[in-house]
Amino acid sequence: MRDYGRFLWRCARISFVGDWRYHTWMLTLSVIALLGLNAYAKQLVDGLATTGMTDQVSWGLYIANFTFLVGMAAAAVMLVIPVYVYGKHEMHELVVFAELLAVAAIVMCLLFVTVDLGRPDRFLHLFQRFNFPISMLTWDVVVLNGYLLLNMHICGYLIYCAYKKRKPGKWFYYPFVIVAIGWAISIHTVTAFLYVGLGGRPFWNSAIIVPKFLASAFAAGPAFIMLTLQLIRYFTDHKVPQGAIRLLQNIVTVALTIDLFLLGSELFTEFYADSHHISSLVYLWFGKDGYHALVPWIWTSVAMSVTALLIFYLPTKRSMFFVNIACVLLIVGIWIEKGMGLVIPAFVPSPLGEIVEYVPTLNETLVCFGIWAFGLMIYTIFVRITIPVLSGQLTHDRIYHTEVATDSATHPPTEGSLS
Amino acid sequence: MSADTQQQQKPGVSRRSFFRGALGAAGGMAAVTTALKPLLEFDTSEYTLEGFLQRHYKEMTPEELDAALARIAEAVEKRYEVRPELRDVKPMDGVEFGYALNLSRCIGCRKCVHACVAENNQSRSPEIQYIRVLEMPRGSIDMEKGDHAYDRPTVPDADHFYMPVQCHQCANPPCVKVCPVEATWSEDDGIVVIDYDWCIGCRYCEAACPYWARRFNFAEPQIPKEDINPDMSYLSNRPRQKGVMEKCHFCLHRTREGKLPACLEVCPVGARKFGNLLDPKSEVSQILRTKHVFVLKEEVGTLPRFFYYFDDDYHGERK
Amino acid sequence: MNQGTPQPRVDRFRGHRFSAYFVAPVFFALAAWFWFGPELETLPEANDTSVHASLLSTEPHRTILGDPPRVHVNGFDRTCMECHRLFQSEEAKTQKLLQHEHIRMEHGPNVDCYICHDAEDRDQLTLGNGVTTKFTDVVSLCARCHPSIVDDWKLGSHGRTNGYWSADRGEVRKLVCTECHDPHAPRTPAMSKIEPLPAPNGWRQGNPAPDHHDSHGHKRDPLREALRRASEHHESHDK
């Protein structure tokens, strides 16, 4: 236990250590996170009136980001499956990075849900009268926190073992990995059920949303991991096999294809039947009664996704440059689709046919940026800690040099020099 | 990411390095603290320990409920300078409430909307209203063709009919199903109520409601002191707080004591009918038996207790 | 994991502890901004949309005559017969609305007073064939020509009910025909053309669509003259 405490202490210290690029990055994120904190403090005082939400559009950017990030978290499984189910062991170490991303994403999810609450001071009520299993939101609470714990356990255990130079005990993590695979699918499925279970919102009340959620998540998530791995490769000397990135590229290609196929099916069904239910779709894609705030967004999103898909199918797929562009395009495209394309249009027109548009305020945008910055910050710290541990530079019996050469020359490499 | 504190430095670590760390830490602390500056304006007067520890309405013992009522009444008196008659009204045995609304009669005067606001201590600014009246072109009940903001010199207009919508007190309420903390539930007399002291403000119920009947307190509700209705009950019209849901509750503080709801009493044309569905002689039961009533969005399967009907001999020429 | 392979890679993150001389000023600048910086965004304006209580009266539109009917004439409180016993000649019976010029007769073919009023006893209404009834029982009179509407009224689907929904708990006050309808011109009840109360005026409702203008093309203003009407309403209400 004392060892574990020292391990955490060293982790905490190392997260402050880095070169100027690391510090600039972290400083920028801190500033943005603090701006978000400030904006949230304003929201606590004035209420959700500081957001652009109304009784008509009662969920906005917060829930949209939440939904997108659940997908990101679930996408970690796309690295786990190849390793643990198909035995691609050369990617074993990369799994930790994907699962750490899941941890950071879930933390962001929980923050986004928290800032969306009108009375966050009452969150304890969840423990006192938990409407499980009736309310899908309680399912979401269970699966998200469960997934967070699973991944924290798996990552924490593997990293700690590396730190202790112990061989990880299979029984201490393998069953959890297998459970986490199913669990990852479940978090995004349950999140989709949040929406599709509402009979009063025809725009959501469609079973195809569930597979579409998974497909879009398994495109955006691995794309994000691809970019992350390349950044790790660029900034550190951690070995990231090109094969892993290419494998992810294939996964992204397939998932994005399925996503767009499902989108096409959905659009055909709704528009060809042309029933009353398509009001929200008409509003989203073409505008309705002179209101068309979302139209440019959704077309941008589709254009981005289609461009990405083309890059993945044309010879450009061989160039990492183009592939990275495609990744960025599809991440942004899917992010737009989750927010402007899925959450908000279901509220327009309202169930009584009233059209009230939603425009996010500066304050809620700052809160969103703040949470993203905070999430990226903890992910950076995770990676910062993990890399020296995995590479054997930071172990229980080895001192990691954190001071500059001149400093370490003056001070012998003892425990003290860690600080 | 302020620099780490370095209290237990081993000898040999330079004073400069300690100063650097302290400076960074101080900067970080300053930034975090000042980021929370808006909280200085936080009005904590209604956030009491007792309120925080208060249990769910259904779990409170009679003594706890009395204590909660006394505390809430005191808070109301402090804020609005009116001594409220705050009580808890239980459902009556053998009663299930139903509402019927005669669309042939409604003239769209919106008196029900504003009588409801006055009766139920709804926020005047920002405005919260439980009833929404739609002006609909004749020949359709497509709500998307309805105008919510109609503003004529006089009503009714000959080419339109008017459809007020409020909470339908569904027998299969989607809002109740989705609430993660059971802050809203269906009572024995069919009224779907909210424990304002339990709601966490996630607005899932608002997304689930097919009738757009629920309202959220996005800001601190503002009610002029002289407009407070002191006749209050726990589950109905006591003043709400910022960040919780509210909605029509069939004026349960009135109706559970035999009175008619405020929206009905003010209706100048008698379009609104209310009573006990379990009593075959009640007005609403007789209307259900003899008129061709319908409910909104029947296909959603919510089983509303709010029915609409047109007079059989109605040809629209009345107006 | 990497079983502590003894070949430490160069960690490019390693290096200078980023100078607090740069980090701290940024934080202090941010703190100053939080403390002294301007408010970037203000909450939307919320109009007070209260309407005057007098507009929400639950009183009947008309006050009906009791039994015996008492009317106020020139500051005197009289029953009908107190005057009409003075005009009992045959001539007076056929005279047209001598004292009652304000009465507007728009009740279909019913232009003759004595179809409804008893010619002999002016404090009574006539149901025909010499049967009379009190003014308070006007429903029986109306039922002679409008039986289906009276059936609806009895059923509860026509007309207003105030007070209590169950007679067990209090008075179920069913308003009678003439509390809404002018018996002399019943097709235009008091509420047939009234100004609606203000439209909803929620926050952040966006730009009103073109059809959110009133018939005169004015942009809607939910609070237009609500108070003026409130005061006027007082006078016009109990006519």
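As written, the chain order gives the labels A, B and C, with residue 1 at the start of each chain.
Going forward, a residue touches a chain if its C-beta (ideal position, glycine included) is under 8 Å from a C-beta of that chain, and two chains touch if they have at least 3 such contacts.
Everything quoted here is computed from the prediction, not taken from an experiment.
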| item | value |
| --- | --- |
| Overall pattern in which the protein chains touch one another (line/ring/star/complete/other) | complete |
| Centre-most chain, if every chain is reduced to its averaged C-alpha atoms | B |
| Distance between the centres, which are taken as Cα means, of subunit C and subunit A, whole angstrom | 52 |
| Subunit A and subunit B, separation of their C-alpha mean positions in angstrom | 34 |
| Rounded Å distance, subunit B centre to subunit C centre (Cα mean) | 21 |
| Touching two or more other chains - residues of subunit B | 1, 3, 28, 31, 34-35, 37, 126, 132, 148, 218-219 |
| Interface hub residues of subunit C, defined as touching at least two other chains | 17, 23, 26-27, 30, 34, 43, 202-203 |
| Shared-contact residues (touching 2 or more other chains) in subunit A | 16, 23, 27, 30-31, 34-35, 38, 46, 49, 54-56 |
| Of subunit A, residues touching subunit B in the complex | 12-13, 15-16, 23, 26-27, 30-31, 34-35, 37-38, 41-42, 44-49, 51, 53-56, 58-59, 113, 116-123, 125-126, 128-131, 134-138, 141, 194, 197-201, 276, 279, 346-347, 349-354, 377, 410-411, 414-416, 419 |
| Residues of subunit B that touch subunit A when the two form their complex | 1, 3-4, 6, 9-10, 12-13, 28, 31-32, 34-39, 41-42, 47, 52, 55-56, 59, 126, 132, 134, 142-146, 148, 165, 174, 177-183, 198-204, 206-212, 214-220, 241-245, 297, 300-302 |
| Parts of subunit A lying in touch with subunit C, wherever the complex brings them together | 16-20, 22-24, 27, 30-31, 34-35, 38, 46, 49-50, 52, 54-56, 92-93, 158-159, 161-162, 165, 167-168, 235-238, 289-291, 355-357, 359, 361-363, 384, 387-388, 390-393, 395, 401-404 |
| Subunit B residues touching subunit C - in the complex, by the definition given at the top | 1-3, 17, 19-21, 23-24, 26-28, 30-31, 33-35, 37, 100, 102, 107-111, 113-115, 117-118, 124-127, 129, 132, 147-156, 218-219, 222, 224, 227, 255, 257-260, 264-270, 273-276, 279, 282-284, 286-287, 290-291, 309, 311, 313, 318-319 |
| Partner subunit B, residues of subunit C touching it in the complex | 17, 19-21, 23-28, 30-32, 34-35, 43, 46-51, 53, 55-58, 61, 148, 152, 155-166, 168-170, 175, 180, 187, 189-203, 208, 211-212, 214-216, 220-222, 224 |
